[in-house]
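Next, two complexes with subunit A in common: one pairs it with subunit B, the other with subunit C.
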Partner chain A sequence: MTVREQLPTGQRSSGPRSTTEGGVPTPPSAARRRRTTGSWRSRLEIAVLTGPALAVFLLFVIFPVVAAAYYGFFRWAGYGVPTQFVGLQNYVTILQDPTFLAALGHNGVIVVLSLVLQGPIAILLALLLNRKMRGQTLIRVLIFIPYVISEVVVGTGWSLILQTTGALNSALQAVGLGALKVDWLANPDVAIWTLMGIITWKYVGFAVILFLAGLQGIPEELTEAASIDGASFWQIQRRITLPLLGPTIRIWAFLSVIGALQLFDLVYIIWGQYVASTAGTSTMATYMVVNGRNAGSYGYGNAVAVVLFLVSLIVALLYQRVVLRRDTEGALTGKGR
Partner chain B sequence: MRPSRLIAASAVLLASAAALTGCSGSGGSSDGASMTLWQNSTTGPGLQFWKDAAKSFEKANPGVTIDVQTVQNEDFDGKLQTAMNSGDAPDIFLQRGGGKLQAMVEAGQVKDITDGVTAATKKVVPAASLGAESLDGKVYAMPLSVLPSGIWYSKDLFEEAGIEGTPTTLDELNADIAKLKAKDIAPVALGAKDAWPAAHWYYNFALRECAPAALEKAAKSKSFDDPCWLKAGQDLQAFSDTKPFNQGFLTTAAQQGAGSSAGLVANHKAAMELMGAWDPGVIASLTKDEKPLPDLGWFPFPEITGGAGKPGSILGGVDGYSCSQAAPPQCVDFLNYIATTKEQTAYYKAYNSPPVNTEAQTAVTEPYLKDVVATYNKAPFVSQWLDTVYGQNVGNALNVGVVNLLAGKSDAAGIVKTTNDAAKKG
Partner chain C sequence: MAVEALPSSALRRPRRSRSTRHGAGSTAVVYVVAAVVIVLMLAPVAYIVIGGFRTNAQITESPAGFPAPWVARNYVDVLTGGLFWRLVGNSLIVGLLTTLGVVALGLMASFAIARYEYRLRGAMYALFAAGLMFPVTVAITPLYIVVKNLGLTNTLAGVILPQIAFGLPTTIIILVPFLRAIPVEIQEAAEIDGASRLGFFWRMVIPLSLPGVITVGILAFIGSWNGYLLPLFILNNPATFTLPLGVQQFSSQYSVDTARVLAFTSLSMLPALIFFSIFQRRIVGGLTGAVKG
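So, the complex of A and B:
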């Protein structure tokens, strides 16, 4: 997180030189320099303005992380002050627990399949919706609606539809496709695909909106010039649109990966407190709740939280360093316009 | 100007909050006392029972006030824990017993009421029930209701399938299941999504296979190496292989809605359900007219051959209420009060579950509850729910292990292994 904040500011001085459109930045940076070196009043101003936000951030983000790390070293049932120090025992147990490793594996599957399923669908839909056509707004709204509906409603709705004797199987039976009836939620071979279907349905709208925003930022002159030079529609998309959409795609992939690593609510609503691991849809987050809070093993649960945090952090940092480094500046500073 | 006024205002608020908490802390020393009570019935007769009990107790004890607060069942344990950790525990609260009680006792959060249980209470409340709320011979909660496990069934559906009487052995049960299947009736409803209903089948097999001493030994050692645990798993496996449960039981909830296992029984979509004695109330709330199911019947878990358990042993929870460590002495008086025959009769009527008080038990009219009470009082050995006995972390793992077996993802040895593994986590 801090890396993302720092990169733009660190590169601000070189920014105007590399981006052609930005001619303005000189006055503000000069003004800033004068103010920071100048008076203590501006420092006070900064302290007063950032103070509350900083305090809230430290209290509700940094402190809980530190507290979780502390509790993770104890065997603690949640009553009173933890006293039974066990060192790294909780972490050893986590990493040896096949249920946790299975949950981690499910997270991995969800990360990959989210990218593979949602990415192409969303790009195609965005390209389609970027052309002038009838009912464009309506289709956009329809695609975006699942993203707006609360997870609880989505989970409850789908779990009712997909039950063994639910609407989908009854419908299949009614139209004579009874042979296709499957235990969508309970069959361990099928359940993760059901989950992926629901996730794709729900989150593809978000990707489409992001890509549409990215497409709007691509100057029309480029496509016009290309078509004058005789490029076909698909050539234009492949050689011009997609490369220029790259920064947006990479940012979307980042958000998608982080979301997939921390997936909790849909699984918890559909499969409840206990059977997610049986159905093969458990995630690190549901594992944490089941083995920490529900089991009353709060020390162990905190250790799982730390592992989840570290996994997400490492993935995020690696992604920032390897994938986003080239275009953080373009994607993060240039996209708002 | 503005901010400083805000700060001043919040300072005043904080100070008054501190004064308030100070007040309630010292309340016990004077003649009067104000107490808070946490219970988990959000609506209906259950909530009314607690309000009435508080009111009549206040009337008999001038100066005492009891504030009845409702905490939703699924939120209950978490909120109680938070309240205890912040030194703000309710004076009287629902006690789940077992491993949870143990944790509270170790943290010094719950009052030892051994000497507070009056002779009048001991006369009507059996020692065994008090024992279920005790640790190392000390009583920590007043039992209110006995909730033994057994099989609830629809007499109409049994008749439709041509079943006479109720099965007393596992072989008879299997034969009856075959008869129900032949008539295309789902034999057994199972809410495996909540895991514990599935585990109740395993607990009951364990109760039949394991000697009482083996059960108690496991409670202390948290190790499940006695061969009877494996045998119970194999029994369940064999039973599950006959496919007795409703379709899609793995994603069937226990108590919510018509699609739940209780709902299936309530609407004659399944013939049987293994459940504790709270089930009639749950089933009643899920019938079409929200009235008790007229053809509901009950029989104890069938006997098996060759087990080390004492025949007639029964599994069942005891619901009770505890006082927190800092509660005023009147709290114990209140616990004795709700164990009186009058209050216990009211409790039975409100909750439609068997009271613990032997005099109040004579007020029970429903034939199925009479069966429950009679079987319970005859039982040579009563065990709490195993997930309660073994504490939450082992208990939950045990429950999930059973679900894994039923889903075909694991076997009898898997239950024992996951349970042993879970003991490491907390």
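So, the complex of A and C:
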């Protein structure tokens, strides 16, 4: 029951098509019933209800995105009307700039490592914590804390801890592991792993909470039936819980990938605008800010924004097509059952 | 998370008996694992908080040590200086107005999308949902230009309005299923009692969707409170700085005074932690019994 109910949600978010076809049990009938009342009054109500949201959204989200595509064709310092049309020159420069390609590569590494590191840890923790136990709420809250603290605060704290003369190296020395001391932030062989450590630390709690919420939706009857049939705890997790948690995991992975592609705050705070590229942690977003706004080249910055958007869009579409499609199909076939 | 959690818990009575059939041994393992994880999660936070109670001499001598003796001066200095409170004030104004705007506009639009049948409904939902593809990071450069042309740079409104706009997609995606899940019977009953659809919205929908609204509000507030990139672009005048900008400025300005930076940093995570501990029940476990009939 629960599974079937949560599917239409995922299905609907996958596109406008499904709202009309939708396998949603009650709402369509609710909507159909009052299609006849589509009078001017109803239209006025719709306008009043959606007008403000649409206005703000179009002005501050859609318009800037469209404008970015336009400005990206100009060399422009951000004052007055852009006049120096350069065609695709900005894009050529971006795609030939080794600094940008390096940043793109770092984004790729961060995407993959985020999934590989956080996914298993979070699933394991969620499976372990999904039980009635003393201090349950407290444990969940404490795991979630790094996620709640702002990137800036976290970044400031970590950069102090990770300095060559900082707390981590000093602690390693104190416990006799002085050989492990490295320059965590500036050494290009290490820095990306340092970043991954911080990212995992900061965001794994979010994944755990998400998975726990997903686990709550799995009917207890299934696991009870399995354990009556003599299945062990881990057998139950592997055969029943994990497959049913699939949709939640895939949605988390999607959020994680998009977040990793657009990573900015942590890198910019910890590595600043100059060190990030030499330390091997720069991202497309830090490249955009450094070479766009900070350099006063708004046309170029907008072109980078367009590239960043296109990369995210392609990844998102591929993901929807390849991975999330399964959830939609499951919803359609599952409906008949 | 709310999207997933809602329908199941809303339509089912809350159960108290979740799987209790694990042996004592496995529970002990869970506690050990949980303890290790929690120590790892909290150690950096603890370092920042405790480090604020040391002097720079202590930190230089032994970066990972404990305060000996404990010194409160760093914290006192930060708390008695005006800077910290001004930053908190700015962040509060921005956070509260953003939350209010996101909730009000988001709820109205979601209600129209969820409960009215009109031709552009699907397109409108798709438009807002597409907003998820344009996080602030992607749009920031042109967004800065829009805000500048509106004359809103160095004003808090220049941060609030875009934050409301960028908060709408998540809000609408969470609230639309929520509003759909409200049974038709309730709406019919209200209609029989003579309520218009807007009357239904005021009297029934807002109270019934409160759990969803609170979730959305919390997400908006935390997002705003922690926001960095947008204020970084829009606010250049230190008088308008929000907390994250202030922390960054403080830490570069007093980079030699590590102890004071630690104190300042730990105080600035305090409001978020307090806010979270008040609402954690809503965030982590909430959303039960939205519609009990």
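What to note about this one:
Note that in this section the second predicted complex is superposed on the first by the 291 of 337 C-alpha atoms of A that agree within 3 Å, B and C clash if a C-alpha of one lies under 4 Å from a C-alpha of the other, contacts with A are read in each partner's own complex, and residues count from 1 in each chain.
Throughout what follows, contacts are C-beta pairs under 8 Å (C-beta built on N, C-alpha and C of every residue); 3 or more make two chains touch, one makes a residue touch a chain.
Note that this is a predicted model, so its numbers are computed, not measured.
Once the two complexes are overlaid on the shared chain, A:293 sits against subunit B and subunit C alike. In the superposition on chain A, A:256 makes contact with neither subunit B nor subunit C. Residue contacts after overlaying the shared chain place A:313 against subunit C, while subunit B stays out of touching range. In the superposed model, A:165 lies in contact with both subunit B and subunit C. After overlaying the two complexes on the shared chain, residue contacts for A:107 are found with neither subunit B nor subunit C. Contacts of A:77 after superposition on the shared chain: subunit B is touched, whereas subunit C is not.
Once the two structures are overlaid, the count of subunit A residues touched is higher for C than for its counterpart among subunit B and subunit C. In the superposed pair of complexes, A:183 makes contact with subunit B only, with no contact to subunit C. By the touch criterion stated above, A:282 is placed in contact with neither subunit B nor subunit C. In the superposed model, A:52 lies in contact with subunit C only, and not with subunit B. Common to the subunit B and subunit C contact sets on subunit A are residues 78, 160, 163, 165, 293, 298. Residues 75-80, 89-90, 93, 97, 99, 159-160, 163-165, 183, 185-186, 188, 271-275, 277-279, 290-291, 293-300 of subunit A are the ones touching subunit B in the complex. Residues of subunit A that touch subunit C in their complex: 1-2, 5-6, 8-10, 12-13, 15-17, 19-20, 24, 26-27, 29-35, 38, 42-43, 45-46, 48-50, 52-54, 56-57, 59-65, 67-68, 71, 78, 125, 128-133, 137, 139-146, 148-154, 156-158, 160-161, 163, 165-171, 174, 201, 205, 209-210, 212-214, 216-217, 220, 223-224, 227, 233, 247-248, 251, 258, 262, 264-265, 268-269, 285, 288-289, 292-293, 298, 301-302, 304-305, 308-309, 312-313, 316.
Across the complex, subunit C meets subunit A through its residues 1, 3-5, 7-9, 11-12, 15, 18-22, 26-27, 29-31, 33-34, 37-38, 40-42, 44-45, 47-48, 51, 60, 62-65, 101, 104-106, 108-109, 111-118, 121-129, 131, 133-135, 137-146, 148, 161-162, 164-166, 168, 172-173, 176-177, 180, 183-184, 187, 197-198, 222, 225-226, 228-229, 233, 243-245, 247-248, 251, 258, 261-262, 265, 268-269, 272-273, 276-277, 280-281, 283-285. Every residue of subunit B that touches subunit A in the complex is listed here, in rising order: 77-78, 81, 84-85, 99-100, 103-104, 106-109, 192-195, 247-251, 253, 259, 391-393, 396-397, 399-400, 403-404, 407, 409, 418, 421-422, 424-426.
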